[in-house]
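Got a structure for you, questions after.
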Amino acid sequence: MNQTSRIANAEVVLQARQLCKRFGAHEVVRSVDLEVHRSEVVCLIGPSGSGKSTLLRCMAFLEEYSAGEIHIEGELLGYVQNGADRRVRASEAQINHVRRNVGMVFQQFNLWPHMSALGNVTEALLRVRRLKPDEARRRGLAMLDKVGLAAKADAYPGQMSGGQQQRVAIARALAMEPHIMLFDEPTSALDPELVGEVLQVMKDLAREGMTMVVVTHEMGFAAQVADTVMFLDQGAVVARGTPREIFQGNPSPRLQQFLQNYLDRNAFWQQERELKEGAA
Amino acid sequence: MNQTSRIANAEVVLQARQLCKRFGAHEVVRSVDLEVHRSEVVCLIGPSGSGKSTLLRCMAFLEEYSAGEIHIEGELLGYVQNGADRRVRASEAQINHVRRNVGMVFQQFNLWPHMSALGNVTEALLRVRRLKPDEARRRGLAMLDKVGLAAKADAYPGQMSGGQQQRVAIARALAMEPHIMLFDEPTSALDPELVGEVLQVMKDLAREGMTMVVVTHEMGFAAQVADTVMFLDQGAVVARGTPREIFQGNPSPRLQQFLQNYLDRNAFWQQERELKEGAA
Amino acid sequence: VLAFAASAAAQADDLLEKVRKAGELVVGTEMQFAPFDFLDNGVQKGVNVDLLAEVGKELGVKVRFIDLPWPSILPGLEANKFDLVGGPVTITRARMQRYRFTLPIADASVALLKRASDAAIAKPQDIAGKAVGGGKGSSQLEQLKQFVATLPEPAKVREYVDNNQAYADLTTGRIVAVANSLPNIAYVAAQRPDAFAVVTPPFGAKTYFAYVGRKDADSEPLLQAIDAAIVKLHADGRLAAIQKKWFGLVMDVPQTAVTAPAI
Amino acid sequence: MTFDWATIEQALPLMLQGGLITLGISLAALGLGLVIGTGVCAARFARRGALRALGSVYVTVFRGIPLLVQLLFIYYFLPFVGINVPPLVAAIAAVSLCAAAYIAEILRGGFLGIPNGQLEAARILGFSDWDALVRIKLPQALRLTLPALVNELILLVKASSLVSVVGIAELTRTSQNLAASTFRQLEFYLMAALIYFAINALLAFAGALLEQQMKRRMA
Amino acid sequence: MSFEPGIITERLVEIGQGLAITVGAWAGGVVIGMAIGLLIAVLQIFCGAWVRGLLRFYIELIRGTPFLVQLFLLYYGGPAFGLELEPLSAGVIGLGIYGSVYFAEIFRAGFMSVPRGHLEAAACLGMTRLQTIARIQLPQMLVIIVPALVNLVIILSKETAVLSIVTVPELTFVLTGIGSETFAFVETLLVLCVSYLALTELTSRLGLRFERRVGRFMLHRAS
C-alpha cells in the first residue's frame, strides 16, 4: 500500500492520452490512457496481437501514433502543435531531444553484430553524447559490470548466449542514463535457462527506482515486480490494477481465459504442491 | 501403475546402447542407454546445451553418432556391421529404409515456404511413397483435419501463425504413418498463447498410443503426458523415472536447481493459490 | 565402309570441285565497306554483289555472302568458314606472305576525306600539325603514317576500330581528315556532300584491291578459275561497267597478278 | 548535327528484327544457362571434393575469359580440332556457357539462404538428393535470387551484341550496318539505345510482376 | 595455323601499355561508379518520392542500354551538345556512369538487408539517420554484398574492351590490331585470355580476403 501511494505522489514522467494507432483500416491501439510516475513499474500483458508492442513502440515514437498525445516529462513526443488542433511531425532532432531520456530494449536484442559488447554500449556515447573515448570506455565497462558481463566486453554478439546478449542490450540502453526504460518481451526469445538472469537484472533496476514499462509474458515477474499491471485485449485496456487485483481478483472472462494458459502449463508444480500438502 | 506395466510389457521399438556423440573433442552425448516401448511417451528435459537435441537428432541419424548403437524396430540405424566390431556408414537408401517409420518435428517447424500447407504434407507422399495425386491429397487433408487445420489447406506457411505452422509440421510427419515420433522443443519458438494448441495435438497423439520421444521445456506437459521423464545434464542421463519420481521425489541438487527456474517464474500462481487457500 | 569411301572422295575433291558440287561460292565480307559492300534497307548492294555475281556465272555457281566484323574475317577464312574473302583487301607484301590474292579489281590508292565546310585543307600536305584518323590495321593507315612523317610538322594520327568511327569523329571536328582508299571516300563524299569532301590528289603509292583466298593447293584451282573469270570480265567490259556504276569512273588495273606491290 | 528521321523510319523494321534476334538469343541463353548453372552450382555443394573443384574451375574459367574470346574460340578454333558448328549454335552455346558461370554464383547465394532445417526435414521424410534439389532447394533459390537473375538477363541482352563476330546480325550489328551505309552514326546508335531500353524495360517489368506475385503468395 | 610466340614478344611494350590503360580505365571506372552508386543508394533513403522516381528512371535507362552505345553517344554525340571529352576521360567517365547504376542496386539491397530492429535501436539511442548509415548499416552490409561487388567489378573489367571504339588503345584493341596486322590470331587471343583471367582471378581472390576481413564477426557466429 504505502509503496503504491509513494509512487502515486511522485510526478508523472510518461503520459499517454486517448492514444490511437491505425495500420491502414486496422485499429491496433484503441484510445489508451496511461500515466507512469517516476520509479513506477508498469507491466503490459495480453494475448498475442493485442497491441502491446505497438503501444510501447509508440512511446518511443518508433511508430507514428494516429491520434491522441504522448508526453514525456511534460514534452509532446513526435509532433509539434501548430494552431488549435493541427500538428505536424517533428524534426528528427526534436524527436531525439524529447526521446533523449527514454531507453528501449527489444525482444530480438538488436545488438549490432559487427561491434563487440563494449562497442555496442559505447557507440552512442561517442556519437550522440560525444564523450571522449576513454570516458566512454569507462562508463561502458561500468554498465557491462552492472549487468554482470564485464568479462565479455570484447566478445561479439554472435559469441554470446541469448541471455548475455539481452543483458548487453540493457547495458547499452542504461549507458545513456535514461529516466524511463521500455522493455518489449525482453525474455521471449530466450531459452528458459537464460530467462532468469535477465529478469534478475530487471528486478535490480526496479529496486534502484528506475521507471519501467515492460511488455512481458512472465507472469511471475509481473506479479513480483510490477506496481501496476495492465491487461490489453484487441488494443484496448481491459483491466488494470495491482498484481494482486489482476491475478487474484475475480477477473473478466477474457482475462481468466488468458491466465488459464499459464495455469495449465504449470500443472506439474500444482501436483507437486498438492503432494507436499498431502504429506504435511 | 497398470499403465506403466502395460508399456513395460510392450515390445521395444527404439533402443540406444552406450550411445556417444562427439563434436571434435567435445563429447556432447555420453554413453546414453535408452529403451522406448511401443506407445510409450518419453520426455527429455535438461538445461540448454545438455545434449537433448543432439541425442534426438542421432535417433533420426541427422547426426552420425560416434559410438554405441541405435536400433529401430530391431534394425541397426545408420551403419552396416562388417566383421566383428568394424562398421561403415550405410547408404542413403539403407538409412532411409531403417528410418522409414520415424517421424520428426523441429523447433523451427522447417515448413517449406514455397508450398501450401497441403503441399507440405503431400510432397513426401508423392515423391517418396509415390502415391497417386488424389490419393495423396485425400490423406493430406485427413492429416490436416486431424490437427484441426483442414480449413488452412491452401494457406502458405508465411500466412499462418507459429502454432498453426507447427501443427502442419506435425501433420506432415504423421502423413508418412510413422511408428515413432520425435519432437525437438516443438513449442519453444511459439508465443505462449499458441503453445496450448500444439500441446493439445500432442496429447491426443499420445492418447491414441503413438510412440513419442519429446525434448521439451514444458514441465506441465511432461508431468501430464510422459510415461518416462529423463533429465540430461552435460550429455549424461542424471535422473530418469515417472514424472512423479522426477518432479516430486527428492531430486539431485542439479535437478533441484534446474526445476527451481520454473518454480520462480510461476510465483504468481503460487501466491494465488496461497490466497485461495487463505480464503478457504 | 561407306563413310570411308565418302571421306576418301572428299579428300579427292579440291575446293573448286566442292564449290561446283555445292553449287555455291561462299564469300566472307563486311557489309560496312561501301561502295564494295553495304546494306541498303537490308538489301546487300555494291561492287562485290555485281562483280562476284558475274564471276559466279562464269563458274556456274551461286554466290552466298556471310557478313562479319572485319577482325573475324581472316580467321574465318583460315577456319574454312568460307571460300573467299570479299572486302576487298589491299594487296601488300606482308599479306601475300600468308594469303593468295586474286587479280586486282580496283585502285586502292589512299586519299583524304575532309569536312565539306573545312576550307583550311586544300591539298594533302595541309594536314600538317593537325589530327587525322584511319582504320586500325588497314594498309591505308600505314601509308598515312609514312606520309605524315614526310611533312615539315607531323600530324597526330588517331587509330579507329573501323573507318565509320573515323568518319563520325571527323564530323565532331576532333580530326580534320580521314585516310582511306579513294573508292571508299569518293563514295562517302558522294553520299553526303553536305558533310564530306575528298581532298585530291591521292597521296602515297599506287596500290590495288583484290579478293583473298587461302594459300594452299586445295584452294588454288578455285582461285585460278576466279582469276580466269576476272580476265574475261575485263575483256567484255563488264568489269568496266561495274566500276563506272559504283566509282563514277573506270579505273585501269593490271590484268596480270600483282607480284611486287608498292607496299 | 541534323537528324534525318526519314532514314530511320525506313530502317525501323530491320532494327526491330535485329531486336528480336537479340531477345531470342538472350532468352535461349538464359534457359540453357539456368540448367547448366544449376548443375554447376549443385556440383559446388556436392559431397565429392572432385565435383566441387570442377564446379569452381568452371566458374573461374567462364567468368574470367571474355565472352568475345569464347565466341571466337568456339566458332573459329574448334574447327581445327574437327568441330565445325553453325553460327547460331556457336553464339547460343558461348553465351549460355558464360551466363551459366554467373548464374551458378547467383544461385549459390540463394542455396546458402535456405535454412538447413528445411533440408533436414526433407531427409527425414526420405527424399533423395535429387528430389531435395529440384523440389525444395531450387524453387526457393530461384525465388530468393529473382532480382539478380533478371539483372543477369538484362546483362545478357546487352552482351549478346558480341555474337555479331560470328556473323549474326543482331541489333547492334544491324544498326552499325545501317549507319555504315548511310554514314549517319548518331541517329542509328540512338535508335539502338531506345530499342535496347524498350526490351530491357519490358524484361524488368516482367521480373517485377513475377516478384510481386511470389511475395503475395508467400507473404 | 602456325603458332609464333615471337610476334607477341616483339610487341611486348605496346601490349604492356594496352594492359596498363585497361587496368587504369577499369580502376577509374570502378571508383567513380562506386562513388555515384553509393550516393544514389543513400539519396534513395533520404529523398522524397519524386526524386526517387528520377533516380529510378536514371537507373533503368543506364541499365537498359549497352555500354557501347552509351559511350558512342557520349563521345561522338557529346560535341553536338558542347561536351568535348578526351577519349580516355570519356571512357573512364562512361564506365563509371555505366557501373554506377549496378553499384547503386547492390548498395540498396545491402541497406535493406540490415534488420529494421538494428536501426530502431540506433534511433532510440538518439543516433541520426546519417550516423546510422555510416556506423551501423554500411559495416554490416559489406559482408553480404562483397560477392556481388566482386561480380560487378569483374564484369566492368570486360567492358573496358569497349573503350576501343573511342580510340583508347586498351588491351583488346591493341591485340586485335596486332592480330589483323600480323595474322597471329591465336597468339593474340591467347594473350588476351591469360591477361583477363589473371585480372579477374586476382580480383576474386582479393574479394575473398576482404570478405573474410569484414566478415570477422560473422565467422564467430555460434549457429
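As written, the chains take the letters A, B, C, D and E, and residue 1 is the first residue of each chain.
Everything that follows uses one rule, which is that contacts are C-beta pairs under 8 Å (C-beta built on N, C-alpha and C of every residue); 3 or more make two chains touch, one makes a residue touch a chain.
Computed from a predicted model, the values in this text were never measured in an experiment.
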> Using direct touches as single steps, what is the fewest number of steps from chain A over to chain D?
Replying inline: 2
>> By that same contact rule, can you tell me which chains touch chain B and chain C alike?
In response: D
> Which chain pair shares more contacting C-beta pairs: C-D, or C-E?
Replying inline: C-D
> So which chain is the furthest away from chain E, centre to centre on CA atoms?
Replying inline: B
> What is the chain whose Cα centre is as far as it gets from that of chain D?
Replying inline: A
> Cα centroid separation between chain A and chain B, in whole Å?
Replying inline: 34
> Using the average of all C-alpha atoms in each chain as its centre, how far is it in Å between chain B and chain D?
Replying inline: 47
> Once you find the CA centre of chain D and the CA centre of chain E, what distance in Å lies between them?
Replying inline: 19
>> Taking the mean of the CA coordinates per chain, how far is chain B from chain E in Å?
In response: 52
>> Residues of chain D that contact two or more other chains, please.
In response: 1, 72, 76-77, 80, 185-186
> Residues of chain A that touch two or more other chains: which are they?
Replying inline: none
>> Where in chain E do residues touch at least two different other chains?
In response: 1, 76, 80, 185
> Name the touching chain pairs, would you?
Replying inline: A-B, A-E, B-D, C-D, C-E, D-E
> Across the complex, what residues on chain A touch chain E?
Replying inline: 60, 62, 92, 96, 99-100, 102-104, 106, 108, 110-115, 123-124, 127-128, 156-159, 169, 172-173, 176
> Inside the complex, what are the residues of chain E that reach chain C?
Replying inline: 1, 76, 78-80, 164-167, 169, 173, 176-177, 179-183, 185
> How about chain C: which of its residues touch chain D in the complex?
Replying inline: 28, 31-34, 38-42, 45, 66-69, 71-72, 75-76, 78-81, 164-165, 167-168, 171, 188, 191-192, 195-196
>> Could you list, by residue number, the parts of chain D that touch chain B in their complex?
In response: 115, 117-118, 120-129, 131, 135-136, 139-140, 143, 217-219
>> Per the contact definition, I'd like the list of chain D residues that touch chain C in the complex.
In response: 1, 10-11, 14, 72, 75-77, 79-80, 84, 164-167, 169, 173, 176-183, 185-186
